[in-house]
Amino acid sequence: MRVVISIGGSILAPELDSDRVAAHAEAIESLAGEGCEIGIVVGGGGVARDYITTARELDANEVQLDQLGIDVTRINARLLISALDVQVNSAPATDYDGAGDALQRGDISVMGGITPGQTTDAVAAAFAEYIDADLLVYATNTDGVYDADPATDPEAIKYTTMSPSELVDIIVPMSRDAGASAPVDILAAKLIERSGMRSIVLDGSDPENIESAILRGDHTGTDIIP
Amino acid sequence: MRVVISIGGSILAPELDSDRVAAHAEAIESLAGEGCEIGIVVGGGGVARDYITTARELDANEVQLDQLGIDVTRINARLLISALDVQVNSAPATDYDGAGDALQRGDISVMGGITPGQTTDAVAAAFAEYIDADLLVYATNTDGVYDADPATDPEAIKYTTMSPSELVDIIVPMSRDAGASAPVDILAAKLIERSGMRSIVLDGSDPENIESAILRGDHTGTDIIP
Amino acid sequence: MRVVISIGGSILAPELDSDRVAAHAEAIESLAGEGCEIGIVVGGGGVARDYITTARELDANEVQLDQLGIDVTRINARLLISALDVQVNSAPATDYDGAGDALQRGDISVMGGITPGQTTDAVAAAFAEYIDADLLVYATNTDGVYDADPATDPEAIKYTTMSPSELVDIIVPMSRDAGASAPVDILAAKLIERSGMRSIVLDGSDPENIESAILRGDHTGTDIIP
Amino acid sequence: MRVVISIGGSILAPELDSDRVAAHAEAIESLAGEGCEIGIVVGGGGVARDYITTARELDANEVQLDQLGIDVTRINARLLISALDVQVNSAPATDYDGAGDALQRGDISVMGGITPGQTTDAVAAAFAEYIDADLLVYATNTDGVYDADPATDPEAIKYTTMSPSELVDIIVPMSRDAGASAPVDILAAKLIERSGMRSIVLDGSDPENIESAILRGDHTGTDIIP
Amino acid sequence: MRVVISIGGSILAPELDSDRVAAHAEAIESLAGEGCEIGIVVGGGGVARDYITTARELDANEVQLDQLGIDVTRINARLLISALDVQVNSAPATDYDGAGDALQRGDISVMGGITPGQTTDAVAAAFAEYIDADLLVYATNTDGVYDADPATDPEAIKYTTMSPSELVDIIVPMSRDAGASAPVDILAAKLIERSGMRSIVLDGSDPENIESAILRGDHTGTDIIP
Amino acid sequence: MRVVISIGGSILAPELDSDRVAAHAEAIESLAGEGCEIGIVVGGGGVARDYITTARELDANEVQLDQLGIDVTRINARLLISALDVQVNSAPATDYDGAGDALQRGDISVMGGITPGQTTDAVAAAFAEYIDADLLVYATNTDGVYDADPATDPEAIKYTTMSPSELVDIIVPMSRDAGASAPVDILAAKLIERSGMRSIVLDGSDPENIESAILRGDHTGTDIIP
């Protein structure tokens, strides 16, 4: 099975904590031991947020802020690489060709962001397209896709399954509301739709959720089924 | 004045035609002669469409199709570079840092796409953000932003001016409709919104439109005013 | 068997046609299935010719024209890569070290041109030298090496076999005559001579000719035997 | 005057603080306004320390730890770049040739580390050698070179002036004692010695110290005079 | 005046000798002082020959031999760069775009070889084409173009002037004779012909010959006049 | 067993000699045949010394001298690569990530220097750290570590075994004395100490010494045992 896992920064590194990284590394090693070919895209987390806040106070422009965030995602990728005891690319890939080559030579392929204006959510979806993945997993800090923001709307209902088009329909209006935290960004949703990529959005705070979702289809998040 | 011009592939190279490229080169030289610092982002046009159609028949995945399109935009950028008789970067930049460096050393900076999943519309908006441009111009094959698709809806009304938020509000539903031809893509619109970038969408088939819009604010398209 | 195949642009992509590319991909997959290690160098074809014609009208210099041609060969290489269902490098190599590394890790190695002033004919010969190939095949639009241009001289006689030195002796005067279409260029011929590389020049319009020449030595072109 | 300033991580970013970065940016802009050609090498600070601690707990090897530290120095360099309102390289240089080219085209050249096993102290010394700098300034958290560690030895005496050879003589035994905090590392000291580079070690916590030392030779640190 | 000078390895570095390199550096500085824009392509000389001889004994293939030679030309370029007291690129360019960019930002642009299968003679011709040079000078160890090899044929007559086509006509048969030392290689001659590049072949052992030929048209070699 | 061998320039190439290179290649092939995973770092030797002497006479700065030396180490690495008849990286790696990737895909990984200010001794130690090598061998022109310079002090005593800390203690004062030839440089010694890397310093003039030390622990040099 070929799978791409997007591990949000708020999941891998809300703050730096070796136990948390180690737990994710173990889940990945376990998946590799079951024969999965694995691509990982890592987010920025607390350190990225700190740099962006500081740079914004210094009047950095939005592309410079994006670039700082990308650089942090790559450091987080290196951190995860250093924790993995299986064959993995030495340095995070900086484009899809490089990420694909790593996978082709038998490595787990860990990367961060690629270019300003493109979130790691979108990178994960494009990477999944590129390698014709069987499954794309978003390990986020919400436990699925809701019809409203569950943090503010107690009536919000979680989808158990939905189609890629329904995902885009849900995400589009959320992406108009600055306060809302869409589980994946609009570009990622549209990439999932164009490829008809089977995807799961789940709560990644416990890495075992990721593992059981991939190996046994067992999870409490949202299945996006083309 | 610092300006980024996005020249759509359908404008620069619907098919390869040296007169058309030369006319755009002259407009750019004229702008440079007036003291503008100029960044250009070039689209793919007819050749990109041909490669993508062919590759799709060969079962290429969406990222491979994007990559073919990007490669063609870079060739189109080289074609425009070869037509310019002013100081211009030798090779199209492949990231924002490189594009910004070219401008900083006094070159006109011509580039194509950067990475799969990001249109040249979005590249132009990010490039404008990155260099803190005064103005971003989309030279497209429609003459502004309409409230509906003018090709199919005779009642469609063109906006003379609108805010970046209104642009996003208009684009979002269009981006749900595969048949609609939004004048700029959703990611570009959102980048314009986040930076509050002054922008113009105009008919670029006559390069003089671009020139007069930039130099004299004189055009019949849509002004996006933050 | 280690083989380098030069697929001329007029063979792979006189115009863009997915059936033609698919047929070549099948022949290559079939060779790979027989255990061949395969390097492919792809030419520019009709798209390259169109860009070069347009740029020449825009007074591009000869190196810029070469560069446009090289960029198109790389897109053609990507097109062929996207059509191959066997292990192949993700992106065309841009130098011999990269092309050799791809082969070494078990990929089919597909590339286009490398640098201005060097045709893809010459790239194929140098690549064959670099990997110590057993055989170099030129799939061209003529069916071998003639003692004169068969298009204009009805008396032209095709060589069944010849030595590398004889090849150079034939090519040198042809390369003086702008109108003549030498089957391979002078630099390629001289590289074949310096390495004593076993080579075949054949009609590649039917990919089965390439396959049968490599697997069974069965072809109607010219054998160049050191 | 051509000057290289090494701004230690503990000076620029003990923790992320925009006021602190802004104050350093102002000092640099002020130096540029006085006609100085300026190279800056930035250290890692608190974020680097956090990543290294975390990775060490994950059993990363020493080179991986160095690499994480280097990546953070480059982010810090980007942060400082985004705060500078003068002509500066867009992205931190990753080798001496690139850093020198930036300076040659009139940019302030800001960089971080280069390669594992080489501290930013040493990078600053090599960069100063490379551009034949008139002066190399170490802005550190101690206010000069002492004959013992002032943090632990109340009798420690600060040198007002010393020769490069004396610097190496002082640093060598310090570098044997893991607890000691040498003001510059041994490799940097040896590079200063081999080039006979005029250098200053001073307390950089107030950026005005750096400015007055460079412009007026006015500081309370240690002058290293060849 | 824009000029490209090819300094053969046998001229710059038959063996390593600082006086010889210094004399060439002075001539180049003098040309720069007269307002020339200068590109330099440096050959391999004695060190290249030694490496190639050794590697051939180790059964290296021809492309590996070429690559060793190219690497030495780049070191020779660095040596010349280190001797120049005028604004010059920090590191030798590795492609034509990079070499052109160096010139565009006001540097003297010094480079060596680019890719296997292409001599520095050919690189110089392509570089001259690329920058639309007014003049291309080959500083070689023969004092012009002869109708036969002057080393072996006492009747050999030197051309005072000739056309690019005549140059190719002379070079082609020489390139068939392994023992002959053609003053420039066949690929270079053909590039000169295709661009109609004004060129001079002269004895470069005394750098003043180069200087006086470029500044005053005063030399005893061969003028190639389109 | 994973081993890194530092082959000093004075061992591999005091002057260019194919027999000497071939003998080292055979020893490496023999080690590979015994199942060793092998990283090689090659020094500069006579050619590096010649370039550095010449450039110093031309007033090159120390970083330029280092860069010339590094370029020569990479050519020496290519020379050794061309002599190896086992799977080896095509081109010398230029950073630790690249060197590690080569090893990971099953190649012998041959490299030279990386960056100015860092000797190939230090590169070898860092490479050994990076790949968690079991053993690091310095093949030098002295037969071990002495308590004084054996060339000048007839009483000098060779260590049979020592700890990494003792190595640093011995090297530090040697590194103060310009005339002394420390068997490894101070940075290398400190890297060995920080990682607790098992190392051997031995006379590498006969490659069989290297082979027998690695395969059978049989040598007459110094064992550095953490």
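By written order: A, B, C, D, E and F. Residues from 1 in each chain.
Quick note on the criterion: contacts are C-beta pairs under 8 Å (C-beta built on N, C-alpha and C of every residue); 3 or more make two chains touch, one makes a residue touch a chain.
It should be emphasised that the depicted structure is a prediction, and the values quoted were computed from it without experimental measurement.
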item	value
Contacts common to chain A and chain C (chain labels)	B, F
Path length in steps (a step moves to a chain that is touched) from chain C to chain D	2
Of A-D and B-D, whichever chain pair has more C-beta contact pairs	A-D
Proportion of interface numbers common to chain C and chain F (over half same, under half different)	different
Contact-pair overlap exceeding half with A-B, pair selected from D-F, B-E or A-C	D-F
Centroid-based (C-alpha) most distant chain relative to chain E	A
Separation of mean Cα positions, chain F and chain E [Å, integer]	37
Chain centre separation (chain A, chain F; CA means) in Å	43
Chain C and chain E, separation of their C-alpha mean positions in angstrom	30
Multi-partner residues of chain E (each touching 2 or more other chains)	61, 64, 67, 96-97, 105
Chain contact topology (line, ring, star, complete or other)	other
Interchain contacts (touch definition) - all pairs	A-B, A-C, A-D, A-F, B-C, B-D, B-E, C-E, C-F, D-E, D-F, E-F
Interfacial residue positions of chain A with respect to chain F in the complex	87, 89-91, 105, 107
Residue ranges of chain E in contact with chain C within the complex	61-64, 66-67, 95-97, 114-118, 122-123, 125-126, 129-130, 132, 168-169, 172-173, 175-176, 186-187, 190-191, 194-195
Chain C partner contacts - residues on chain A that touch it in the complex	96-98, 100-101, 104-105
For the chain A and chain D complex, residues of the former touching the latter	16-18, 21-22, 25, 47, 50-51, 53-55, 57-61, 64, 67-68, 71-72, 74-75, 78-79, 81-83
